[in-house]
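Have a look at these structures, which come just after this line.
Common to both upcoming complexes is chain A, partnered first by chain B, then by chain C.
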Partner chain A sequence: MKEKIIEIISDAIIELNEELDYEELENVTPDTAIFGGESGIDSLSLVSLVVEVEGLVNDEFDANVTLADEKAMSSRNSPYRNVTAFAEFIMTKLGEEA
Partner chain B sequence: METMVITGTRKGIGRYLAEYYVAKGYNVIGCSRSAADYELENYEHYELDVADEKAVGKMVRKVARDHGGIDILLNNAGIASMNHFLLTPLSTVERIFATNVFGTFNFCREVGKAMAKQRYGRIVNFATVAAPLKLEGEAAYAASKAAVANLTQLIAKELAEFNITVNAVGPTPVATDLIRGVSDDKIDDLINTQAIKRIGEYRDISNVTDFLIQKESDFITGQVIYLGGVS
Partner chain C sequence: MLDPAHLLQTFPNRLALIWQDQRISYSQFETMVAAKSKWLAENQIVPGTVVGLKGDFSDQSISILLALLSQKFVVAMLPSGRADIDLLCDLVQVDVLIDTSGDEPEIEQRERAGAYHPLVQELFANDEAGFVIFSSGSSGRPKPILHSLNRFLQKYQRANKPFVTLTFLLLDHIAGIDTLFYVLFSGGTLVAPVERGAKSICKLIESAKVEVLPVSPSFLNLLWLSGDFEDHDLSSVKIVTYGSEPMTQQNLDNVQIIFPNASIKQKYGTSEFGSPASKSRGNDQLWIKLEGDQFQTKVVDGILFIKSATTMLGYLDDSEPMFVDGWYNTGDQVEVDGEWIKILGRDSDLINVGGEKVFPSEVEAVIQTVDGVIESSVYGEPNPITGQIVCAMVYLKPDSDPKATKKLIKRACADSLARYKVPVRIKFSDTPLTNLRQKKIRAG
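Our next item is the complex of A and B:
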């Protein structure tokens, strides 16, 4: 499941980066930073990415999760800080629903 | 055909708006806590509590999937309770805020996501003249609607980059169940504070929503339009 989620996130980042054209996002790996830090995307792009991933995850797993989190905008603890953290956050949300 | 979500469509203003916009050629999706006792062509009804975050997310995702997106949201669902502040139980305040504020928040957020994806949307929330008039006896209701007005103005800024406008209409009293328990004297007193001294009609509300949802209103956001000359 985690691999599938990472694939969904990676594809969404690559699609988003067609507009952003960030060099850091050309090759997406589980360690790729998404939000916060020096190479992260801005908050508006983050919103677009999370909205896109939420839709794809709900379709893929026939789920009804909302990827909202009060630490979203935290530079240190954001669940969107990198691909792996984002995937684990989604797995937790899917687990809560099950 | 544009797709419109209207909350609180079982009766009153919500039902009027559902019928009005179906007649104007919109695809209307409504909701309320219980089933609708009417049917219309191009109208679907969902049963849910607008304060139920999960249920709202599920409904909105299904609607967006079935109809290829959502163009317009009218956050009409609302409840009121008239009482002296000193005699108002907190449970009443919680109930009013749950429907009026949390319900509006839930639908704005979930429909906002669908609109953000398509980079287009029109959201109209429902305020009230009771807030600017600081209407005695309506502390919980007016405070909840003041929150809705501020939420409207704030998220208008956050959603502007997605080409989504967020405005509110602030009706005067309209003859619906919402004011059924309010005495005629109290309603008359309220109407006398308006610049235009008459009770509101359904058409007064759809006149404003018509204006706010039209494509040409893309430079109008974060506005709360009060009826009857209240400001």
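Our next item is the complex of A and C:
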């Protein structure tokens, strides 16, 4: 499941990067930074990515989770910091729903 | 005092209504209205009550409406095809429901939940007729708007252009009521459609030689995309009017190709005060001037305010009318150029992305240019990261690929709009986005 989610996130980042064209996003790995730190993407791109991943995850797992919520924003360790963290956050969300 | 039934005596030999295969003259229509008055009495439907009327334009609905109004009823114009008719009836304390959508009118007696609103009581006390229109309201909750018939009809006294007019806009909509009274006062002919698809409307324009076509921008767009206009003779059309939602330049350009000989006019109006006379700067222009001695306008902070003698009596629920010193705040953002204004859109439809304002109409205009798109509705959705995000509901041509089109839409928007205006979420609808009112559904 985790691999599938990481694949979804990676594909979405690659697609997003077709427009952004950031060098650091050309090769996406589980450690790739998404938002904050060394990542160059801004909040508009983050919103776009989160909404895209949300749609794909919900389709794939027949779920109805929201990935941009107050809790995610205020977490001490932002779930958007890198691909793995985002994937784990999604798994928690899916688990809460199940 | 104006009696709408007397209107029918002014031009007895003219044609009043074309409905299906029937051609009804004003004198025949007068007889029908008299028969309906008798029918009301026989069914113990007596003045001093509130009647809910349901149904599209037809010989039945119009004759019953005129019979009710001339006998000083208060008539609630109920929309067809809504599940919450009971709720609407309760909002205005409807005593009797008349449904004219079948072959014969059906009567349903209702139990009133409470007393009439004081404004309704006042009309009854003054022996005056009134009617209620439900506005869709930005909150989604329908607002019942009470009009005094006398007050509303003032502006039609000088209606003098007896055109053959298609009743495209529905009877429960203020613009439909406007069409009805303008035509009856001027001695023109109402042409009532049974269906509102592009093909049926084209056929009807051709067979009834329709001269005035009051429609919505969405319909004009559908008409263009359907291509049906090419198979019919639409040269009888002299005037095309459009209103109720923002028009894109692309759509307006297409309309001029469909109706090369017609003058194309934008109408502006709200359920609260009807529609003033207006003038378009040109057939290809989105700039209009609102005229008429019944209406005064001013613009404050980019918002249009109107003062009018035909303003509603008030809302029948607890909605607060937005009046400031007699000026009604329309909530519509406008651009001003001297005496001309351009309607940008509802203030309440504005999407706020991280403090940046987005008008749905500007995004819709871009989506409209993408191959495969029939229509779109852009709206805001709450998002903790940017406050709101821009979303689009899109209706595609049957053979279009949603996934590929989604990319094209994002690309087209990214190419011509600021980044924050590019839709983040794009959904596809299986059905057209216009509801029966021909007003866009801005599902939030």
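Rule of thumb we're sticking to: the second predicted complex is superposed on the first by the 90 of 98 C-alpha atoms of A that agree within 3 Å, B and C clash if a C-alpha of one lies under 4 Å from a C-alpha of the other, contacts with A are read in each partner's own complex, and residues count from 1 in each chain.
Assume contacts are C-beta pairs under 8 Å (C-beta built on N, C-alpha and C of every residue); 3 or more make two chains touch, one makes a residue touch a chain.
Computed from a predicted structure; not experimentally measured.
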Item to complete: Considering only the touch criterion stated at the top, classify A:E19 as touching first (chain B), second (chain C), both, or neither.
Response: second
Worksheet item: So, A:N64: does it touch chain B (first), chain C (second), both, or neither?
Response: first
Worksheet item: After superposition on the shared chain, which partner residues are touched by A:L46: those of chain B (first), chain C (second), both, or neither?
Response: second
Worksheet item: Counting only touches as set out at the top, which of chain B and chain C does A:G55 meet: first, second, both, neither?
Response: both
Worksheet item: Same chain A residues contacting chain B and chain C, which ones?
Response: 44, 47-48, 51, 55, 68
Worksheet, complete the sentence: Per the touch rule, the chain B residues reaching chain A in their complex are 53-54, 57-58, 61, 109-110, 113, 116-117, 161
Item to complete: Provide the residue numbers of chain A that touch chain B in the complex, in ascending order.
Response: 44, 47-48, 51-52, 54-55, 58, 64, 66, 68
Item to complete: Enumerate the contact residues on chain A facing chain C in the complex.
Response: 19, 43-44, 46-48, 50-51, 55, 68-70, 72-73
Worksheet item: Residues of chain C touching chain A in their complex?
Response: 353-354, 383-386, 389, 410, 414, 419-420, 422, 424-425
